[in-house]
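Got some structures for you, see below.
Presented sequentially are two complexes of chain A, the first with chain B as partner and the second with chain C.
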Partner chain A sequence: MGKRIYRMHPVLKMGLCVLTTALTFPCWNPFRILGVCGILMALQLADYRPGIWRSFLIPFAVGGVMTGISYGLSKDLSGSACSGLHFSVLLLSSFYMFQTSPSELLRGLQSCRLPDQLQLAFLVMYRFVDVLREELASICQAGSMIDRKRIGLIKKGYRCILIPFSYRLLTLSDQLSLSVMSRDFGCQKRSNYRENPIRFRDAQGFLLLGLACVVILWMPLK
Partner chain B sequence: MKEKYFTNKQIISMAIMAAAMLLVSCITVPVVLGVAFPGIRCLSCGLFFGLIIALAYAKVPKFGVGTIVTLVCSLPMFFFSWVIPCFTVAAGLCTDIYFLLTGKKLTTVTTTGLGVVLMASMMVIAESLGIWFIDNNAWTSFAQYMSEGWRVAVGFFGSGILGGIGSFLATRIFKEFKSLRNHG
Partner chain C sequence: MDAIEVKGLCVKRGNRQIISDLSFCVERGSFTVLSGPSGCGKSTILMAIQGLIGEEEDSSATGEIRVNGNLVTLQKRDDSMISYSGFLMQNVDAQVVNLISEDELVFGMENRGFSPEEMEKRSREYEKLFDIQPQKEVLHLSGGQKQRLLIASCLCTGHDVLLLDEPFANLDRAGVEKLRSVLRGCCAQGTTVLCVEHRLEEVCQIADRVLWLEDGDLSDYREDEMRIFCQNRAEILNVSLDWNCNPGSGLLSVRRLNARRGKNPVLQDLDMELQENETRLLLGPNGCGKTTLLRFLCGLSKFKEFSAEALSYEGKDYRSRFLYGHLRKQVGFVFQNPVHQLFMKTVDEELLLRGADGKSLGQLLDIFGIAHLKDRHPYSLSMGEKRRVSVAAAAASGAKLFLLDEPTIGQDYGNLLHIAQSLHELQKRTGNTLLLSTHDTLAAKLFGGKDIRVEQTGTSAESNSGA
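Presenting the complex of A and B:
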C-alpha cells in the first residue's frame, strides 16, 4: 500500500475542488484542461488511497466517451475534447474530495466551528449516499425475481421498489438516531477528539495549487 | 439548558432523506442531461423528490424541514454550478411556506400539495435562474421564458403532477407502515 505524502485539510480540499471546476469551465483549450487534470491526479496520488487507479481510469473513460459523442455530432475535435475533459475534471475533483474519510471530514468541520447539528447532517448525508445506493441495488435485484407480467409494471414499481426503499429510509434513520443517542452525540466533550485546525501548510498548499490552476488556465502562451 | 429546535434524531432523519434525494438526482439527471426541454430535470426526479419530501415532513413535521433537506442535498451540487443550490433551496423554502400556510397539518391533501409545491416551484425558479444566468437581463429572460409556451406549461404541470403523485404515494406508504410513524 502506498504512503500518504500530502494530506490537505478537508475544508480546504473542498474549496480547492470547487475552485478548480469553476476555473476550468470557461476554458476551451484541451491542453490547459489536461494540465488541471494532472494537478488533480497528483493531489490524489499524494493523498494515497487503495484503488486509486480506478478513480483515474473512470474520469478519462467517461470523458473519452463524451468526447466521442460530441465529435460525432459536431465534427469539432478541440471543442469535443474540451467538453469531455470538463467532465473528467469534474469527476477527478469529486473523487479527490470523496477520498476524505467521514472522521476526517467531521474533525475538519469541527475545527471550523460549524454548528454541531449542521455537521451531523452533512456527515450523515455524505456517508449514506453510498449506503443507500447499495440498498437500492439490493432492492432492485430482489425485485427482478418477481415477474412483471404477473402484477404489472406500475404495481411492481410501487410494491417492489418504492415501498421497500421507503421502509429502508425510515428504519435506517431510526437505527442511526439510536446509535447517535447511545453515544451521547453533542452532549459533552469528546473523550477521543483530536483538534484538526487549518494549518499554515494547508493554506499554503491551497494558495499554491489554486495559483497553479490559474496560471495553467489563463497564462498567455505567446 | 436551552432546547434546540431540531433534535439530533430529526436532523439524522432529514440528512438521510437528503442523501436519498441526492442519490435519486445522481441517477436520473444524467440520463436526461442532453434533452433540451424546459424542466426536464425536475420531470425526471419529480416522483421521487415528492415522495422523499413527504416522508421527511411526515417524520419531522416542523417548519424548516424543506429548507434544510434541500440545503443538505444540494451542497455537493455546488461543484456543477452555484445556481443548483440556489434554486433547490428556494424551492425548499417555498415548500416550508406552504407547510406553514396549511397550519402544519398533514392530511392526504396537504401532503400531496407538498410535492406539487416543491417540484413546480423548483421548475419555475430553476428555469428562470438558468435563463437569467445566461442572458443576464431579467426582462429579456422573462419574455424568452414566456415565448416557450406549451413546453414550459408541460414542464411546469408535469413536474407538479409527478411531485404530487410521489407525495400521495408517501401518504399511502405511511398508512401501510403506521408503526414507523415517529415524531420524536
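Presenting the complex of A and C:
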C-alpha cells in the first residue's frame, strides 16, 4: 500500500468516470452496480493517495442512507439498493476523478489541445474543491466553538456553517480565477514542465476498463 | 521612460468612489512603496496596474495606465492579453493554484512558455533561495511558507515590473531579510518594484520612495524625507502599555507535547505553563508549528494527531478524548482569518451569540471601538474592523484564556495600536491571560511580556526579550 501502481491519463480518467456513471444509471441490478463500484475502487487503490479510505467510506455511507430512505418509502429492497448504489457510483467516480492534481490535469488537457477557456474552467474547478474543503474545515471548527444551546442546532448549522461557507464560496472563486489570470494563463502557448501525453497503456486501460463495465452491466445472467 | 505611468485613474466599486483622479509615475529600476491607512485603495491600484480591475464584479475604472509604455486595459481583459508585470496578491490562501509546491513554482513560467530546462534551472534556484521543499503538499504549508512559495513563483517568471501586495506579511525575520536582499538585487538589475506595505520600517531601508495615499491624496517622500516620514509613522506605536508583570496562579500546563500535521511531526516534547492575568507571545520561524500549538490549546486538534504527558486547564485534566473536545468551549480563540468566525447579521448579535449580556455588550463595544458599527453586517466591514469584531466576539465568551493567531497581519499602525490598547484594557478589567502568535516585531514590542519561542524543531524556549 502507499504506492501508485497505475495512474491513468486525466482526460481518459474523466471520460471513464463519465462513461461508467452514465452506463450504470439505466441498470437496476444491485450486484451489477456493485461490480462497477468494485472497478472504481480498484482504480482508486491503484492510483493511491493518503486518506483513500474516506473515498470508499463516504460513497457507501451516502448510498446506505439513500437506500434506507428509499426503502422506507417504497418497501422494495432491490430497487432501493440500486438507487442508493447509483449515488455510490456517482461519488466513487467523482472521487476517482478528483484524484488528479490540478497540474496533471492541466498538462493532460493541454496534450489533448483543448481550448484555454475550458482548461481554465477545469483548473479552477479542480483546485476549488480543495480550497473549499479547507475553508469548510476552518468554518466548522469555528462553528464548533459556539454553544448550540445559545442558538439551536438548526440555526447554528445555517448561521455558523452555511452562511460563512456561501460567502467564502463566492469570494474565493473570484480570487482564484484572478490569481490564474494574473499569472498569464492562456495568454500565449503554454509550455510543459513535465509532458503528460496519452500513452498506449492509458488507451489500453481505458478500453479494457470501459469494456469491463459494459460486460458487468449488460452480461446476460441466468 | 518611467516603468509605470498612472494618469487620472478613477475607480468606482458599486456606488463608492475608491480612487479619484490619481496620477503618479514609478521610475525604472526603483523600489517604490505604496502605503496608507487600511481601505484607502492601495490594493485596488495594483489590481488596476495589473489589468485586473475590469474582471472584478461591480468595479469600473477610467484613466490611463502604462507599464513599460504598454497601455493597460481598464475594461474586461482580452483573453490573449499578456501581463506586463508580475503580481503577488494579498490573500495567500486563495491564490495558490496547484497542490504541490514545485507545480506552483513553475505555473507562471509554464504560462509564459519557458523551456523545461529554463524552468528546472530557475525553480532550483528559487527553491534554494526561499527554502522551498519542492514535493511538499501546499495544503500542509503554513501561511508564511505559502507566502514564500508565491513570492518565489512571482519572481521566477522574470517580469521586469513587480507588483507586490504586502509581501512581508506572514514572513518570519529570516524570510523578511531574504526577501529584502532579493528585491534589492532585482532592483539593481533594473527590475521595477511597486510594493504595497503597512510596515514601513520593514521596507524603508531598501525603498527609493514612499507614496502615501490618504483621503484620496497622494504624498511623495524620498531619501531623508522618506526615512523621517517612516520613523514618524512608526512612532505612533511608541507607547508603553503596562502589561501586568504580576501574574496569578497557574492556568494552563502542557508537558511533553508531541503534535503532527498529517504524517509530519510539528511539535516535539514541548512544555509550557501559562499563569492567570499574563500576556505571552508565541514567536518562531515560518512553519514551526505556532498555529498548530494554538489550535491544540483550544481543543481544535484532531485527538489522534497529538500526545501529551500533561494537559491541564484551571487544574482540570483534559487529556481524555471526551474532555479534550470541551476545551474549545472554555478557551477564546481568534483565527488568522476573521471571516471564518463571523456568523451573525449584525456586530452586536455576534457578541451576544458568544455570551455577552446587556452590560458587557456595551463595555466590549466601547473597549474595541466598534460601537458605531454595532448595526453593520460583519462582512461589510474593512479587514481591520473585522479583526476587531472577531477579537471582541472571542472576548465576549468570558474565557480566562484568550488565544490569538497572528492578529496583526495586514493591520496598519493605527489598527495595530487599537487592537493592543483594546486587549490591554480588556486584560485590566477581566484579568484574563493572552497568548498571541506573531512575526511582527513592532507588535511584539507593543505587547511586551514574555516570549515563548517555538523553534524549527518544534521545541520551545522562553525568554524575556519582548520582541
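By definition in this document, the second predicted complex is superposed on the first by the 156 of 222 C-alpha atoms of A that agree within 3 Å, B and C clash if a C-alpha of one lies under 4 Å from a C-alpha of the other, contacts with A are read in each partner's own complex, and residues count from 1 in each chain.
The criterion applied here is as follows: a residue touches a chain if its C-beta (ideal position, glycine included) is under 8 Å from a C-beta of that chain, and two chains touch if they have at least 3 such contacts.
Just so it is clear, the structure is predicted and the values come from calculations on it, not from any experiment.
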Quick one: is A:V18 in contact with chain B, with chain C, with both, or with neither? Answer first, second, both or neither. first
Max touched-residue count on chain A (chain B vs chain C) belongs to chain C
Touch test for A:R7: chain B only (first), chain C only (second), both, or neither? neither
Quick one: classify A:R159 as touching chain B (first), chain C (second), both or neither. second
Kindly classify A:L132 by the partners it touches after superposition: chain B alone (first), chain C alone (second), both, or neither? first
Looking at the overlay, what does A:R49 touch: chain B (first), chain C (second), both, or neither? neither
Quick check on the superposed pair: does A:F122 touch chain B, chain C, both, or neither? Answer first, second, both or neither. first
Quick check for you: in the superposed arrangement, does A:S103 touch first (chain B), second (chain C), both or neither? second
Could you say whether A:Q141 touches chain B, chain C, both of them, or neither, answering first, second, both or neither? second
Can you list the residues of chain A that touch chain B in one structure and chain C in the other? 117, 123, 131, 163, 167, 171-172, 174, 176-177, 180-181, 185-186
Chain C - residues contacting chain A, complex: 50, 52, 55-57, 77, 79-83, 87, 89, 91, 93-100, 102-103, 106-116, 119-120, 123, 139, 153, 157, 262-263, 295, 298, 300, 328-329, 333, 335, 337, 339-344, 353-355, 379
Chain B partner contacts - residues on chain A that touch it in the complex: 17-18, 21, 90, 93-94, 117, 120-126, 128-129, 131-133, 136, 158, 162-163, 165-167, 169-174, 176-177, 180-181, 185-186
Chain B - residues contacting chain A, complex: 4, 6, 8-9, 11-20, 22-23, 26, 51-52, 55, 59, 68, 72-73, 75-76, 78-80, 169-170, 173, 176-177, 180, 182, 184
The residues of chain A that touch chain C in their complex are 50, 101-103, 116-117, 123, 127, 130-131, 134-135, 138-139, 141-147, 150-151, 159-160, 163-164, 167-168, 171-172, 174-194
